[in-house]
Amino acid sequence: MISLVLFFPLAIALILAFLPKYWVRPVALFASILEFLFSLHFVYHFDKSTSALQFVEQVAWIPQFGISYFVGIDGISIWLVILSTFILPIIILASWTSIDDKIKTFHISLFVLLTAMLGSFVAMDAVLFYTFWELSLIPMYLIVGVWGGPRRIYASIKFFIYTMFGSVFMLLALISLMFMAEQQLGQMTSNLLSLYQLNIPYIEGAWGNPQALMFLAFALAFAIKVPMFPVHTWLPDAHTEAPTPGSVILAGVMLKMGTYGFLRFAIPLFPEAVNEFTWFFMFLGVVGIIYGALVAMVQPDIKKLVAYSSVSHMGYVVIGMFALNAYGVTGSIYQMLNHGISTGALFILVGMIYDRTHTRKIADYGGLAKAMPIFTIAFIIITMSSIAVPGTNGFIGEFLILMGTFLSDKAMGVAAVVGVVLGAAYMLWMVKKVFFGEAGKVVKETKLEDLNTRELGIVTILIIMVFWMGIYPKFFLDYTQVSVDHLVENISSYSLEVKVGE
Amino acid sequence: MLSSIGEIGLNHYLILSAALFCIGMFGVLMRKNALVILMSIELMLNAVNISFVAFSRYQNNLDGFVMVFFVMAVAAAEAAVGLALAVAIFKRFREINIRFFEHLKG
Amino acid sequence: MEKIWIAILLLSPLLGAMINGFRFRSQNYRLAGSIATICVGISFFASVALFSKLLGMPVESRFFNVSFFDWIQVGSLSVPMAFLVDPISIVMMLIITGVGSLIHLFSIGYMSHDERPAKYFSYLNFFIFNMLLLVMGENLLIMFIGWEGVGLCSYLLIGFWFTDKEKAAAGMKAFITNRIGDAGLLLGIFLLFLMVGSLSFSDINSAGLSEDTGWGMLTLALLALFVGATGKSAQIPLYVWLPDAMAGPTPVSALIHAATMVTAGIYMIVRLNPIFILSPNAMFVIALVGALTAFFAASMGILQWDIKKILAYSTVSQLGYMFLALGVGAFTAGIFHVMTHAFFKALMFLGSGSVIHAMHEEQDIRKMGGLKKYMPITHWTFVMGWLAIIGTPFLSGFFSKDEILWMSVHSPRGSWLLWLIGFITAGMTAFYMTRLMTLTFWGKSRVPKDVHPHESPISMTLPLIVLAVLSVFGGWLGVPHGVSSLLPGHIPHLLEVWFGDLIAPIPGLGKANYALEYSLMAMSVLLAAGSAFAAYKLYTEKESLLAAWVQKAKGLHNLVANKYFVDEFYHARIIRPCVEMSKALWEFVDVGFIDKITYIVSNAFQDLAKAVRMTQNGNLQRYALYILAGLFVSLSFVVWG
Amino acid sequence: MTEAISFYLIQFIILASALAVVLVPNPIYSAISLAVSMTGIAALFFSLEAYFIAGVQLVVYAGAVMVLFVMVVMLFDLKKEKRAFSRGTLSRVLKTTLSVLIFSMIAGALSMSFSELGSGDSIAKEDITRSIKELSALLYTKYVFAFEALAILLVMVIVGAIALAKAKGGTHAK
Amino acid sequence: MDRMEIFINTVKIVVIFLMMIQVVPLLVWVERRGSAFIQHRFGPNRVGPLGLLQLLADAVKFINKEEFVPAASNRVLFYLAPILALLPGMLAVLAIPFSTPFGIPSFEFMGSSYGPYTLQVQGAEIPLGIIYIFGVSSLAAYPVLLAGWASSNKYSLMGGLRASAQTISYELGLGMSVVGVMMLYGTFHLNDMIAAQEGLLAFRFFGNEINLPFLPNWGIFFQPIGFILFFVCIFAESNRLPFDLPEAEAELVAGFHTEYSGFKMLMFYIGEYGHMIVGSALVVIFYFGGYHIPYVSEAGLTSFVSQYFTGEYLVPFLVSFIYLHVFILKLALFLWIFVWVRWSLPRFRYDQLMSLGWKTLLPWSIFNMILTTVFIYAANAA
């Protein structure tokens, strides 16, 4: 079933290549919905009572090096998979009119990207993961570089090179892990479950500390993708220049690949190193939260503001993860989903208004609430979700993360809480400037129409998700609980099993 | 060394081939005229053909001949494209200096 | 059965909010207002039903704890969607739904000229829902939902007339200031969870925490919670949002910014009183902050010209009283004052709303005067409120305020200093309220020619009348022991009885000295009367004297009239540096440093590439030479290798 | 002996004309010299009893490829060049030296390994027709993939050459 | 192979070459007389009987003409071109088998004895006759091209380019049309082909032997399409009407040999007629049984000759002699057709010529090839 879900988009991409232009959108939409329904299979048949891998499929790929096509889903990855498939139809709908150039290529890119992202979430083989990880760069690069804004080439290259830079180190560490596996297990392998068994030497305080170096190599790749504080500068550019669907998928799913990588690879593989560096990553996360929020506050461009808010939000995810307790980790998984929904929705909304006015300068707006009341309501609801007002999804994640962080490190917790205030400040500041006050330049000059049925549909789906996840989070948390508990309880000797009977 | 002048062996052909190859190479390196360079390339290819045929003949093996065919076909193709390129260059610059191909850099 | 009542209680305003929300474009203010009012009325009815149920239950188990579903369950944290109806929360529920429905009713008339009445009522209903969540939540997290929810509604309602930039900014200010408090509250929640391992009120209150006389974790936790309370209840240093919040429609000010939301902080502390009592230091901080807030807010109220601003500072000041009460351990007094304050302040706000409505959105009291004859009902009800707040004996304000002043002396946690501040504040309160009355209703009319004030319709005056009655008689729910002993029939302190064990006793509370209590009471009544008279005189006959005084104390006048420059201070010392720093971070760290480093690296590679590119100059023969050189090298290996 | 004489004769013709190709400044003489060289190589193949190859060599190279060259040279009316060789003293010296060096290295290596390669005595004269049949069998069995690939290559070359020749001068068009 | 044999062979080659050269004036005469006959006029009839001595007179004229070289021309190439023009025809003719071989008895000469030898009536028995001939005749493009360019004359250049383009284009059709023949006989060897056409028409079809004794076993019955294609291509290859675009008088004066006169001009003529001869000879060999006499086998002929003559060497010689004349007879017939066609058909336009070559002849020859393959398969299928 995983393979079906994984390669169905690829097949669709292939089919799209041969379709006439006017068929592309309907077929893509239908296929993406179908794909989403396929992926719901996992939700229905998921065994919530075990932390073991489920729906496992394994086929030898390069047996000489012990590399296999090995995929599976557990509580950590299940919602990310669903998120990816959920976002796609929304994106296709959201780009229904805004992308009118080379639509075939665009949709093909989207579907390939979906496969790559799903692949990274379900791969249980390090090399397979790496393959999908890198594969995801190319369509994203195209989406930003072809359909983006005026500085798209700069942004896409920046995005590509940043990510690539990190991945190289990851590959190095990966290869050394495989050699280590050959030494310790007598056979080269990149099977993650076997790699978990490795005893990677940890030499306290030494410069050549293998475990620490490998951890940092992995962490660098993931940190760039997340993106964490000092390596985040590609994100604002990429988001600003990307077309709406690109931003949505970037914020909605791609950034999660980084945090997911931490959870799946960096933390369980290198427990001692994680212990050593927890403070550091928490610190960076907190800096990211506050820094992202502060910088977002002074952005003149709506999209850039949302992009920096992403930096801030992803900072929460990181500190939650490194809290290494059930609250923090659950919270960060939940926050990944929240961020996917709410930041994605923000980008979609910004895209909708951009389609009408062709400007993203906050200073050009003002008084939009009068011209577009429904849009305003939607935007404010999503804003509330983004600033974690209770009752929306954002609150659950942020609360759990803050609590987890606070329980594991009080100073970090206090610092992170400051972010809550700043988060509200920049979002509301933006809302005030854009929606309230007297009618601004573009609002006066343009004849603005409120959301049409299609847009309202997209927004409604997202808002329903916002409230569902905020009001009845248990439905989602139940799936992750056992896996997360297993992770935080066995952090020093993590192992995963394959569900028996698969 | 060659055992005798009178007796022709494989080595004679190979050395001939090497000489021809180096002459062609010299032409490729030194000539300005793209057409002559193409001709020099033909020379080099023929040098290779000679050694193929010679080996094939002396080793009683037909594979060398087959190779010669392929070389010839490729050479013909190369000549056709090369000449077309030369024509294109000539149309633009009224001369077929190899340096004009530098204008092709992006 | 109570589950259904609670569900009805909660969902009815939510339903109203949704109905009105989905037809937010509607201009039919009567329909929208009726729906909203009926929904809140249903809630009120349900509250009464629950109240009567509680009355019929034995004292020891006089509560309902109803859990609907598991909300969050992670690790050892288990938060059910549970609601607690006990004597403390039922009081708040009654106030909220009762006063709330009156204000809804009032709003129908008030919002009759507005463009979007449905939206307004939707927000208002949603507020009621959130406020109910706040007071009914069985654990801190549910309370927190309501806590933030009311903040959200307050934000939306303050910025209701969003086309005015100032009003939108006021909404934002309210939300962000509240957020600062919320951050503190969150930290408090975390600390409590760390200590107790649960977020349920009953678990926390019965956790058996030991007393913390120093500055231990408990004190820190309580102070963190108190930071939350200062945000929501507008105490120093986070009170600045409340005066600005008057930008919203006046009924909103009455409901949210006088009667209900701002008392959330007090409610929260009362809810957790068994643990607050354990930390004298935290209590002292609360009392001090409350007293100072009461004093400074009252002083600022003296020199305001905006009718609503005066009431706002008055509210801040009265809230300060309540915190003073909590700080000295008089939790019952705090709640009591919340209740009476809800009555008279709501009354006065609605009255001012009636005035403003009549004056065509004019709020400056310098342009009023002599309104008595135009709007008699408003005037007379307002007089009731005025009398109540300045502490006229046997009116509601008298009982609650004097209990607080008395307890600040009597309680072992109190002191004369606190009493003194409270006492002076009481005088100032009488002064500025009288000033308000004088300038608005009495004296000469300064109404502009084109404005023709008129009495408001019945839907607006009815709530005024009801509230006036409550303001007059509401105090009898908490007749102080001292007074009660004087009165025939010994009416007991009903609230104290009603709360019973829920309010932890103050350790070391001595026997009451009634003589002292009476004399204090008399002093404050005299002070109030004196300052009220002075105010009347100054603003009707001796205006020249007033001007001379102002001239003399120019500096002080300036300071007070400008609200001690607190807003300016915050703006210049906190907000602007923050923004400046952010700009600097963006420009120098993001663009100037991180990106620059990447550029340096990439430029280095580019330069290297340029150098290498020299070999790739397009000269085909050069390339051939490279190939040849390669061939030569490899051949050399073959031949000589 | 006759074999030797004919070999040396042919060799002389080939090398002389090849040198002429490279050294003569007039491209038309280069082209004609190359044609001569090709014919000489065909003769060499003939003497090696590779008759079919020799014929094909004549048809393809001498008959078609070189005619094309000559035609192009004539079409462009290329005259004797003033500077037939590319510039740069250093690179000229380098190029010449390297060419000579490589030739001497190959020749030297070959001479030293003479005994290993065997002599011409091992040539078995075969039925020529049969050998051509074998050749074609080889072409259509063992090398069939390369053969088909070649077909595709030729088609592409046809298209490419036509496109190039018909182009109006591309981006540099005046 | 001793020296004497080499000598004899050399003599033989020279003889064949001279014969070819001598045929040229004869052909010129035939051409002129023939054209006159076709056009119903007299033609050259003043010099000698039937004007036969006109040839000699012409030769004298050619030799004595002024050596004219254009001033701007490239002298080397200008002279080289006519010489090269002789080569292809000359070399190709060497491979044509004119008759069966005969023996030469051993004899003594200058004190040493030689022989016996077997003499081929053929310049050299070249193993891959067809390939050789094609290879050599493909060189025919050069002289034309060089002549055109070296003349430094627009018309010449145009003529030269046209000629070479035409030659290359039709060479394809030519080669492909012969593939059928090669497949049919399974050899490149011209002698083998001729041998295969001996006797009466017989072939296999789906494993059945089919005999048609009323027809000779000639290639034309197996390759009718191939024959037509080949014949047309031969015309084009030799630049004769209706394919004489390179020297189309009306357009290009005289094409590549506009500037040529005298003996050099003659050499071009020799080259052209050499082509005709080779082409006709190939037609005869491929499709008309070579030197064989219809309905008469070689054995039959030998026994017929043996009735009147005896001798180990004499009989084969006579047989060879007869066959030689049979071959020449057939050859003459086709040479006459060349002349006939020249004066009967109009000239193509250049684009028609090219499209005929590429779009008609080439596809048809490929079709013929495929058809032949199918038939050969059918023949052997049982």
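Read from first to last, the chains carry the letters A, B, C, D and E; within each, the first residue is number 1.
We adopt the following convention: a residue touches a chain if its C-beta (ideal position, glycine included) is under 8 Å from a C-beta of that chain, and two chains touch if they have at least 3 such contacts.
Source: prediction; values computed, not measured.
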item	value
Separate pieces, if any, that appear once chain B is removed in thought	one piece
Count of contact steps on the shortest path from chain A to chain E	3
Set of chains adjacent to chain D and to chain E	none
Centrality ranking, top chain (CA atoms only)	A
Inter-chain pair with the most contacting C-beta pairs	B-D
Reference chain B; chain at largest CA-centroid distance	C
Farthest chain (mean CA position) relative to chain A	E
CA centroid of chain B to CA centroid of chain D, Å	5
Intercentroid distance (Cα basis), chain E paired with chain B, Å	34
Distance between chain centroids, defined by C-alpha means - chain A, chain B (Å)	57
Where chain B and chain C are represented by their mean Cα positions, the distance between them in whole Å	92
Where chain B touches two or more other chains, by residue	25, 29-30, 98-99, 103
Residues of chain C touching at least two other chains	621, 625, 628
Touching pairs - complete list by chain label	A-C, B-C, B-D, C-D, D-E
Complex contact set, residues of chain C against chain D	621-622, 625, 628-629, 631-632, 635-636, 638-639
Residue numbers on chain C that touch chain B, as the complex places them	617-621, 624-625, 628
Chain A to chain C touching residues, read off their complex	158, 161-162, 230-233, 236, 291, 294-295, 297-299, 325-327, 330-331, 367, 369-370, 373, 377, 380, 384, 389-391, 395-396, 399-400, 402-403, 406-407, 413-414, 417-418, 420-421, 424-425, 428-429, 431-432, 435-439, 471-474, 477-478, 481, 484-485
Residues of chain D that touch chain C when the two form their complex	86, 91, 94-95, 98-99, 101-102, 105-106, 108-109
Interfacial residue positions of chain C with respect to chain A in the complex	24-25, 69-77, 141, 144-145, 147-149, 152, 155-156, 159, 162-165, 168-169, 171-172, 175-176, 179-180, 182-183, 186-187, 189-191, 193-194, 578-579, 581-583, 585-586, 589-591, 594-595, 598, 602
